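We just call them A, B, C and D in the order they show up, numbering each chain from 1.
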Amino acid sequence: MKKLNIAIIGCGFMGRTHSNAYRRVSNFFDLEYKPVLKAICDRNEEKAKGFANQWDYESVETDWKKMLERDDIDIIDICTPNNLHAEIAIAAAEAGKMIVCEKPLAMNAAQGQTMVDAVEKAGVANLVSYNYRRIPAVTLAKNLIDQGKLGKIYHYRANFLQDWTISTDLPQGGDGLWRLDVKESGSGVTGDLLAHCIDTAIWLNGPIKEVTAMTETFVKERQSVTSGKVEPVKIDDACAFLARFANGSLAVFESTRYARGHKALYTFEINGEHASIAWDLHDLHRLSWFDHRDEGITRGWRSIHVTDGEHPYMDKWWVPGLQIGYEHSFVHQVADFLEGLAKSTPVSPTFRDALETQKVCDAVLDSAKSGQWVKI
Amino acid sequence: MKKLNIAIIGCGFMGRTHSNAYRRVSNFFDLEYKPVLKAICDRNEEKAKGFANQWDYESVETDWKKMLERDDIDIIDICTPNNLHAEIAIAAAEAGKMIVCEKPLAMNAAQGQTMVDAVEKAGVANLVSYNYRRIPAVTLAKNLIDQGKLGKIYHYRANFLQDWTISTDLPQGGDGLWRLDVKESGSGVTGDLLAHCIDTAIWLNGPIKEVTAMTETFVKERQSVTSGKVEPVKIDDACAFLARFANGSLAVFESTRYARGHKALYTFEINGEHASIAWDLHDLHRLSWFDHRDEGITRGWRSIHVTDGEHPYMDKWWVPGLQIGYEHSFVHQVADFLEGLAKSTPVSPTFRDALETQKVCDAVLDSAKSGQWVKI
Amino acid sequence: MKKLNIAIIGCGFMGRTHSNAYRRVSNFFDLEYKPVLKAICDRNEEKAKGFANQWDYESVETDWKKMLERDDIDIIDICTPNNLHAEIAIAAAEAGKMIVCEKPLAMNAAQGQTMVDAVEKAGVANLVSYNYRRIPAVTLAKNLIDQGKLGKIYHYRANFLQDWTISTDLPQGGDGLWRLDVKESGSGVTGDLLAHCIDTAIWLNGPIKEVTAMTETFVKERQSVTSGKVEPVKIDDACAFLARFANGSLAVFESTRYARGHKALYTFEINGEHASIAWDLHDLHRLSWFDHRDEGITRGWRSIHVTDGEHPYMDKWWVPGLQIGYEHSFVHQVADFLEGLAKSTPVSPTFRDALETQKVCDAVLDSAKSGQWVKI
Amino acid sequence: MKKLNIAIIGCGFMGRTHSNAYRRVSNFFDLEYKPVLKAICDRNEEKAKGFANQWDYESVETDWKKMLERDDIDIIDICTPNNLHAEIAIAAAEAGKMIVCEKPLAMNAAQGQTMVDAVEKAGVANLVSYNYRRIPAVTLAKNLIDQGKLGKIYHYRANFLQDWTISTDLPQGGDGLWRLDVKESGSGVTGDLLAHCIDTAIWLNGPIKEVTAMTETFVKERQSVTSGKVEPVKIDDACAFLARFANGSLAVFESTRYARGHKALYTFEINGEHASIAWDLHDLHRLSWFDHRDEGITRGWRSIHVTDGEHPYMDKWWVPGLQIGYEHSFVHQVADFLEGLAKSTPVSPTFRDALETQKVCDAVLDSAKSGQWVKI
């Protein structure tokens, strides 16, 4: 096993999911490369040290630029707020590092394009962390579609519903709340949640051709954690859009942080001529499957408990019936990325793949402003 | 269409379900016979008159014996408390009337045997109202089993869970509460609820060979509606038993009126070598079906929405997706019974069929007393 | 009880649901008026006679105009294809008859306006059969909203998904298939299915302010049953739209007949500040309810089995746990309409109420053509 | 952080779950002790080496006795087939090691008693791995019961249903299949699956007083992996029993490996005077909760998505809505055990606690033979 030295930038929620993925992957997957948690970086030194201690990192940095200079770092993994992705990624590419970047790729498509240019020019391996693709039930959906089992596709619908920002007392900005500050996040639910829905949709159903959208900011101002003042909220609290795919199917997408009762309810459904698929993140280990070719009297939606050895990734874990969780999607992502490195094959979603999602997000936000259909 | 004159004895809950069934069957089923609501009988004249008015009965009686003397009555339908079934049924048979009797057939198997003897001697058509057989999803289960789709059967399990007698303030006896008075009911949940489970089980899975049981009376005394005094409660509030079927399968049955949160949750599940079936009364229009012969990666429990034209009875009702309810099981029962009359074919469950259930109930109650396995 | 003579025009699916409702209502509801099935009308005499026989109608007509001339008819109930609603309704109003009309009210809002004018000028009682309002779970949703339990509303979403027209072999026009012929139906899923969603939405959440929509016709031509030739399909097979309500909430609506696996899956969900509600037609006896005010550790979506005596309409039927079905919504509608007559109170949705839905349908179809947001 | 050196005996399925737990616990829990994977032992050296490599064990042994002699081992963790538990545990206790032992404690209660005596005499910390207690939803159930929210308990029911031994081609004995060989397992589903159900039941609902049981071996002979010959199968393939708890509640337990469609469906339900709880392992991150004290019109079963910070253990993991899986129960177990060590407090289930479960298992097997009720 060859060692691969990892440096993660950002000690927040995503820093944890990525650290865990690198730590665990070798216990479950047989891979040529073995990740080593070499360095962790956070502006806040105390936080970085605590994090390093908890995850057994070998070293700590407070300036991410230092990491790019180190010879003992192979992969830069960007877990910062969105507004820092581009600068770090471009510098890392120029430093010849491989790059894993949290989603969304960038603040907007134009910025994303510069990142794509940078990694492609540098010829470094790159990946954007749209982790939901690698939940076994979602990968199974992809396999079933690729086998042609659905026939012609008529409909796609996806929601990502949360309810954690309903309280007007919640401030914006700072640790954990940078998602509410447009300067750090670029947008609200569009980049944070719909980006996931769009990435999966393009992966499963091909390119999106055009959209019409609406957005809303329900709470118009919140205290800023950075300034201490009450400031206007500039992110979208909710966003919904209609879309047409290149394959002729119609789609409806919706996301909000004001859907009381839903914590992280990412759902999608796809209806084809012969069969349909549905999935949701609150029961991520199940896939709903309807096959019209089943005998009529016993035809019905099947609830597939995606825990068998023949299901994607599941031969690596426990025994049938025993479910895995959210964090495992990141382990699978790392496993696939490392396997791609071993084979010198790009692993999707690359920066270039993720740029497509960014373009749709831009079109959605444009349409919400103009009230017009916008082509991608 | 030939008219068939119906006389119902008892204006309680079952009087209503039966009246409704006779009233509606001709609107939905094409039958040789058309039922006419000729007479209703209740000891309480006012109640009988109100009921006759609501259901458009042509006449009212307060003494059921009068009904047997009338030439214009073809079918006696017994909807009284259990303790009156035998006397009425035997007299009706002697009077040459066809008989529909609410379940359970009798207070016990010995009494049931005298009823079977009477109807068979008289040669009159007879039926016991185990209505749940004729919920389309349950009939579909029967059809799937009869087609051999399950292979060898290993397990049967059934529950009937309610929670309406938890309050100690509830009295026993009288209208609506005779089920709590052992003199009128014969037993508690065993005859009231488990009798349904046993009837379905024998129908689906063949004879039960032996049982071991336990019963409990949680509330030891209640005010008697008839005497006005606090009296010991002599029914079983809860009953559970293990069983072995003649086909070698094992079974667990349980019923109670103390399962908080369940109103009328009759459930059954049957596990075969190749396939399994599950059903419950709270979503009676669905059948759960698992077929191991389905391809591995998409194998899962199917939820069959039993509302298609090719499902049992459903071509008579609405269109796919539109569910029917509880009361329709009685309409189907009447339709089948009338069809049997037209063809001179006995329709199950006859008194003789229902006697088998009664024998199991007796064995269950015996075993609960003795603590021993009891053979049927 | 005063008798009310009913004349139904149209022996199709809706003719059956309405006939059943009038036939049954007096068995379950205590009302001042008792409907009498006086006359049935269909262009096809044989069909009308068969129908009259099955439902015990007293007379048969083949020309609906005859019915308006008869003094023994109190209520004209219109169950024809949509293109006949206006002509019949206006004539019936002029003849001084009370009118029940199947939904949608008209072919478009302009036509609907003439109908509203006619009934209001004539001063006759009138009702449009948006029956889903009167499914007990849906009425319960309305009651909970009216009690203010949800607080400020953020989101509304509704789908009506079917899959019965996927086959290209299905012809258009004629009995049962007039819904596919734009000349008889006026539109496809918009008027047939979304009209239901819109009616419920306005009832529950108030006026819709503006919409942006897309429609699609997946199968471009079908054989015409009337002409025998292959003709272009001019209805919308699928329609989705975004909307803003007057109360500031956002909405997404979608309907299709190409959602494989869904027979008649009408669903809605409404998210408020404090609580959320969800419902679907495939399990119409349940209401999903989430209340954020519940204690945190046991907070969760509740599945309310809407079968208790304290639930809307349910004291009229059976006992807790025993579900009713689709057809009962029509019985409730008739019961409410008759009660309104007894009190001389208009019962919603009147023609005027239903016109609001028609206006939204028009706006949706306009927007789908123009690609613009359209105000109602 | 003080280091604690772990030695695991057995490289099978449980060797993996325990190794994972020790490896991960410090990344998520703040504990005084930090486990170190010091040594792994398996009779098969190659297997042990491969396992050590995958999990980064510092050393390998092929004779478990060597481990007891090593000073650098603090905890002996027994993941062998059941027939080795007693010998190893007693020797480990005599060597003064702390002991974690996979369930069931022993081959029978008599043997279990010798183990209890040994650890208590030696005064070493000890724990039996009934891991399901520490699934957050199950722990939440315990907390709700301990808060008295259910009131008087009437019913307990638990199932553990699998379907993996239906094929007659499956051999008995050897790696992964020792569970089918009575010499290594002691019993079939009773010790393997019902032991879990019984442990949880006693924990949640107190002591079991008496039982009556039945068992069945559906496949009477299978090829032995060890002897290569077809030999009689002596384990119980299925077992069901009725029970009475000391608190007066009634119970039904059932387990089988012949329930087609169920992979590892451990379910339990408990019905109290005021509230009921239900849970199942196939959706282990949810708890069903019914509270009769909720307002009548919105009363219903709640589905609690047990992923909030205020739910047991969940503040250590991700954010609300993101579920964890099966393996996390072992991490929690280790966390609690280490916390107990830090506080010098025994952590349940100790060997003594687990002996109670063993006694019930013995009584169940005795009753299945005798056909009599057996007191514990």
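Definition applied: a residue touches a chain if its C-beta (ideal position, glycine included) is under 8 Å from a C-beta of that chain, and two chains touch if they have at least 3 such contacts.
Since the structure is predicted, the reported quantities are computational estimates derived from the model, not experimental observations.
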Chains touching both subunit B and subunit D: A, C
Shared chain contacts [subunit C and subunit D, defined touch]: A, B
From subunit B, the most remote chain by mean C-alpha position: A
Copies subunit B and subunit A - interface residue numbers shared by over half, same or different: same
Computed distance of Cα centres, subunit C from subunit B, in Å: 36
Separation of subunit A from subunit B, taking each centre as the mean of its C-alpha atoms, in whole Å: 55
Between subunit A and subunit C, centroid-to-centroid distance (C-alpha), Å: 42
Touching two or more other chains - residues of subunit A: 262, 301, 305, 308
In the complex, subunit C residues that touch subunit A: 154-155, 157, 159, 161, 163, 166, 212-214, 216, 218, 238, 240-242, 244, 250, 252, 254, 256, 258-262, 271-276, 290, 292, 301, 371-373
Subunit A residues within the subunit B interface of the complex: 140, 143-144, 287, 289, 291, 294, 296-305, 308, 310-311
Residues of subunit C defined as touching subunit B within the complex: 13, 17, 19-20, 23-24, 26-27, 54-55, 162, 164, 262-265, 281-286, 305, 307-308, 317-328
